[in-house]
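Take a look at the structures below.
The following pair of complexes shares a single chain, subunit A, combined with subunit B in the former and subunit C in the latter.
Showing the complex of A and B:
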C-alpha cells in the first residue's frame, strides 16, 4: 500500500479578500516526484507554503506525514527539505556556516554527501552567501535542503538561476536519487520540459484551482494533438467534440483534444474533414490548451 | 495621471500619508499635553510640534529597505525614477519640495489647532523659513550621497547651528523673530541644499556612486564588517546552541560592539571637554539623552528580525522553516538580545561612571559665567550614587541587577512583539494607535476643561481610575486569551509558560517583600504586563511565522 506523505483537502486561502487557493485537493505518496505547473500567480508557491506551515489555511486541511504543519512545525519541518523561490538565505553567513547551522537542526545530516555536493557545484565553503551569484545561492540552498536526506523535498522553482548543465545533469540526478530512495519530491516550475523530464505526477493549477492532476503518462495519454484538414474553408474554428484548443485557419487546423480518438475522428468527419495525423500532446501543449493561452487567443486579445 | 509631476506627487502622498497622520496626531496630542500640564507649556508645545515636523519622512527613507541599521541603503530613495524620461532636477525638486512643504503644512495645522484650543498662539508663518531650511538641509545630507559616514557626520553638523539659530529668538510665550539677515541665510541654506542634492542625485543617476538599489535579501541589518568581526564556529550539537550562535552573530554581538564603541566615545567626549568647554553639555547630556535610549529602543528593538522591503514586512522563510518550536525560538531571540543589550548598557554605564570623574578636572562649567554651573550638582549626584551603591551588600546589589535585567527583557520582548504584530496586522495596529492618541487627546482636553472649571473634577478622576481598571482587565483577558490560543495552536510550551509565571511571580514577591502594604492594583500593574508580554511575544512570532 502506498504511504501518503501529503494530503491536502479542500484547501482555500484568500489574501485581502481575493482567493489565492480555491478548494485545492492534492495528495502525494512516498517515492514519487510531483511537479506543479501553472502560470504566474496561479497559486503554486502558496500551496507549497501551506505544506511548510508558512501559511494558514482559510478553510480546508493540510496534513504532511499526518501532521498539521502549522500546529506541529517541528514534527513536519524536521522531515522536510525546502528550497525557496527567493533563495532566502542569511547573507552574512559563509557557505560552511550555513551547512553547520542547518546540520544542527537535523541529526540525520550526511556530511559526506554535503561535501560531495559542494565539490560537484564547485562552491567555496569560505564564501559568504552575499558574494554568491543567484545560481550559486540556489546551489547552496539546494545542498542545505537535501543533505539531511529529508523524507519530503519541496523545491520552489529550483531551476531559477541554474545554468542548463546544472539543471539537466545535477538537479535531475538529485531529484531522481531522492525519489529512488523512497522519499518524495514536490517541486514547482514554469519550465514544462523540466516537469515532463523529472516528475512522475503532474498537477496543473490555474487561478487557485487544480485543473489537471495525475500520473504524467496518464495525463499525456489522455490528450492528443492532431492536424485536421477540412474540405471547406473556415474563418472561425469549427465546433468539434472534446477539443481544448484549435489553431490555424482556413482548411488546415491543429487541434489539442482529449477523450477517445474515435469520437474525435467522428466529429471531424461530421464537419467534412479528416484527421491527417495524431500524436500524444506534450505537457506544454496541454498546459497552453488548459490555460487557454493558445497563440490565436493571445493574438485575438 | 498624464503628468509625471502629478504621478510623483501621488507616489509621495501614498508613501507618506500614514506617517503624516501620525506626525499630525503626535504634534497635536503631545503639544496639548504640554500646554495642559507644564508651566512653560506653550514653549514646550512649540518645540514638540516643530521637532515632529522638522525631520525627514521616515516612510520615504524606508523605500530603500528599512531603517538605517536594518538594511537601509542610503542615497536617493526614488532610484526607480532614474530610468524615467524626466530631468534629475525635476524629480529631485518634486520630492524635496513635497518633503519640505508637507512639513510646513503639518506644522501650521498642528500649531494653529493647539494655539487656538488653549488660547496661546504659537509662532506660525515666521518659522516657515527655518522649517524649509532644516528639511532641505537634512534631505541634502541624506539623499545627495550614499556614503553613510558623510550622512552621519552631516546630520550631526547641520542641526546644532540650525537649532542655535532659532533658539535665541524664541521667548516665553514663544515668538520666533528672525532678522532679515537670518531669513536670508535660511533661503541661502535652502538654495545651496537643493543644488547640492540635485548634483548628488545626478551623480548617483549616472552611476558615479556605488549603486544603492536594495538587495533582494537582507542580513540582520548591521554592516557586514560588524557582523564579520567575530568569527567562531556554529555549534552543531543542538538546535538551541545553533540558534544562539545565529542570534549572537547576526545582531547580538554587533549590539555589544556598538555599546563598547559608545563607551569609548563617551570617555573621549569627557576627555576632550576638559580642554574644549562647549563640549561639556554634550558630554553630560548625550550619553543619557541619546546613547542609552538608542541602545534600549533601537538596538534592543526588532529582536525577531522582521524584515522590511519596499513596504512589505515579513519573516525570513529560511528561519521560519527551521524545525524549532516557536516559543523556544522567541525565548532564545529575546534572551540573547537582552543579554547583549545589557552588556552594551553595562559598558556605557561603566564608561559614564569612570568618565564622569573627569568633571572635577573642568575648571569651570562654561566660559563667560552666564550659564548655571552644573559641575557641583553633577559631582554631588555622582557622590550620592557611589555612596548608595557602596553601601549595598552583594545580595542587595543582586536585586536591582535582576530587576534591571527583567525590565530590559520586558522592553526587548515588547518591542519584538510590537514589530511582529505591526507586520502581521498593520492596519489594526495603526487603528489601535490612533484610537489611543485620540483618547489621550480627549483626556487632555477634559483635563483642560476641568482646570478652567468647565467640567467637574470628579469626572476626570473617575475616568482616570476607570481607565486604570479597564486597562488591567484588558491585560488580564488578553493574557488568558494568549495562553489559551498559544496552547491551542501549540505556539506555547509548558516549560515556557512555567518560566514566564515564575519570573512574574518572583518579581511580584520581591516587590511585596520590599513593600508589604502594596495594594492589589499596584501589584497587578507590576505582574500583569510581564505576563502579558511574556505570552504575547511567542504568540506574535507564531502569527508572523504562520501567516
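Showing the complex of A and C:
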C-alpha cells in the first residue's frame, strides 16, 4: 500500500488580506519525486513553508507524516531535509561547524555520507560560510539537508542561479535519496526540463491555486502539440475546439490542445485545414500554454 | 549503456528508454545474457527519477526483452523475445511509418527516396553492429 507522507487539504493563506494560497490540495506518497512548477510569486515557496511549519495555515489542514508541523515541529523537522531558496545558512560558521551544528539536531546523521559529499564537492571544511561562492553555499546547504538521510527531502528552487556542475550535484542527491533509501522528494523549479526528468508527479501552481496536478506521464499524455495546415490564409488564428494556444501565421499554425483528438481534427477540418503531425506536448509547452491562459483570464477579469 | 534522452520530441522518458534498449538488443549492441546497469546507476547517468527506470525495466521485462535474476541484476534475455501477434506488431510499425511519411512529405522527399533511405540506414546499422561485435571479440582475447 502507498504510504502518504504529505497531505494538504483546502489550504488557504493570506498575507495582509491578499490571498497567497487559495484552497490548495496536495498529497505526496513515499518513494516518489514531486515537482512543483509555477511562475514567480505563484505560491510554491509559501506552500513548502507550510510543510515545514514555518507558516501557519489560515484555513485548511497540513499533515506531514500524519503530524501537524506547527504543533509538532520536532516530530516533523527531525525527519525532513530542507534546502531553502535563499540558502539562509549561518554566515559566521565554518563549513565543518555547520556540519556539527546540523548533526546535533539529527540523531540519524550519517557522518561518512557527509564526508563523502564534502570530498566530492571539494568543499574546504575550514572555510567560513560567508566566504563561499553561490555554488559552494548550495553544496554546503545540500549536505546539511541530506546527510541525516531524511524521509522527506524538500528543495526550494535548488538549481536557481547555479552552474551546470552544481545543478548535477543536486540532481544526483535527489536520485540517491530515492534510489538508495526509497525517500520522498518535493522540489520546486522553474527549469522545466529538470522537472520533466526528475519528477514522477508534477503540480502546477498559478496565483495560489493548483491548476494542474498528476503523474507526469498522465499530464504529458493529456496535451498534444500539432502542426496544422489550412487551405486559406488566416491573419488571426482561427477558433478551434480544445485549443489552449496557437502560434504561427498564414496557412501554417502550431497548436497546443487537450481533450478529444477527434474533436480537434473535426474542428480543423471544418476550417478547411488538416493536421500534419501530432505528438505529446512537452512540459514546457503545457506550462506556457496554461500560464498564458491564466494570464489572459486575469487580464479579462 | 548508450541511451540519450530527448525532451523535445514529446515521447515519455520511460518509453524512450524502452525503445532504445529494444534497439540496442535488436542491433546486437546488447548481447543476450549481457547485464544492464542497476537502476540507480542508469538514473544517475541519465539524470532521471529512478522510478522512470523501474517503469522502463518493468515494461522490458513484461515484453520478454530482459530478465531480472533474484539478487544478481537485470540481463538481456537469452534467445528471441516472446513473439507478439502479427496484427499488434504491424500496428506499432504502421503508426511509425505514417508519422515518417507525413514528415517526409513536408520535407519534400518522395516515397522512393524514403524506401532507398531505409535500406541505406539498415546497411549502416549492420556495419556498426559488425564493428562493435569485432571490438568485443578483441576485448575478450
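Keep in mind that, in the parts below, the second predicted complex is superposed on the first by the 281 of 301 C-alpha atoms of A that agree within 3 Å, B and C clash if a C-alpha of one lies under 4 Å from a C-alpha of the other, contacts with A are read in each partner's own complex, and residues count from 1 in each chain.
The working rule: a contact is a pair of C-beta atoms (placed from the backbone, for glycine too) under 8 Å apart; a residue touches a chain by one contact, two chains touch by 3 or more.
Since this is a predicted model, take the numbers as computed values, not measurements.
Peer 1: For A:104, is the partner it touches subunit B (first), subunit C (second), both, or none of the two (neither)?
Peer 2: In the superposition, A:104 contacts subunit B only.
Peer 1: Let me test your reading of the model: by the given contact rule, A:47 touches which partner, first (subunit B), second (subunit C), both or neither?
Peer 2: Neither partner.
Peer 1: Taking the superposition as given, does A:277 touch the first partner, subunit B, the second, subunit C, both, or neither?
Peer 2: In the superposition, A:277 contacts subunit C only.
Peer 1: Answer with first, second, both or neither: which of subunit B and subunit C does A:130 touch in the superposed model?
Peer 2: first
Peer 1: On the A-aligned overlay, A:180 touches which partner chain: subunit B = first, subunit C = second, or both, or neither?
Peer 2: In the superposition, A:180 contacts subunit C only.
Peer 1: Which partner does A:89 reach: the first (subunit B), the second (subunit C), both, or neither?
Peer 2: A:89: touches subunit B, not subunit C.
Peer 1: Which partner does A:32 reach: the first (subunit B), the second (subunit C), both, or neither?
Peer 2: second
Peer 1: Find the residues of subunit A that appear in the contact set with subunit B and again in the contact set with subunit C.
Peer 2: none
Peer 1: Okay, in this complex, where on subunit A does subunit C touch?
Peer 2: Per the stated touch rule, the residues are 31-33, 168, 171-172, 174-176, 178-180, 193, 196-200, 217, 220-221, 225, 276-277, 279-282.
Peer 1: Going by the contact rule set out above, which residues of subunit B touch subunit A in the complex?
Peer 2: Residue list for subunit B touching subunit A: 215-220, 224, 227-228, 233-239, 241-242, 245-246, 249-250, 316-318, 320-326, 489-490, 545-547.
Peer 1: Residue numbers of subunit C touching subunit A in their complex, please.
Peer 2: Per the touch definition, subunit C meets subunit A at residues 5, 7-14, 39-40, 43-44, 46-52, 99, 102-103, 106.
Peer 1: What does subunit A use to touch subunit B in their complex?
Peer 2: Touching subunit B: residues 52-56, 70-74, 76-78, 80, 82, 84, 86-93, 97, 100-101, 103-106, 109, 128, 130 of subunit A.
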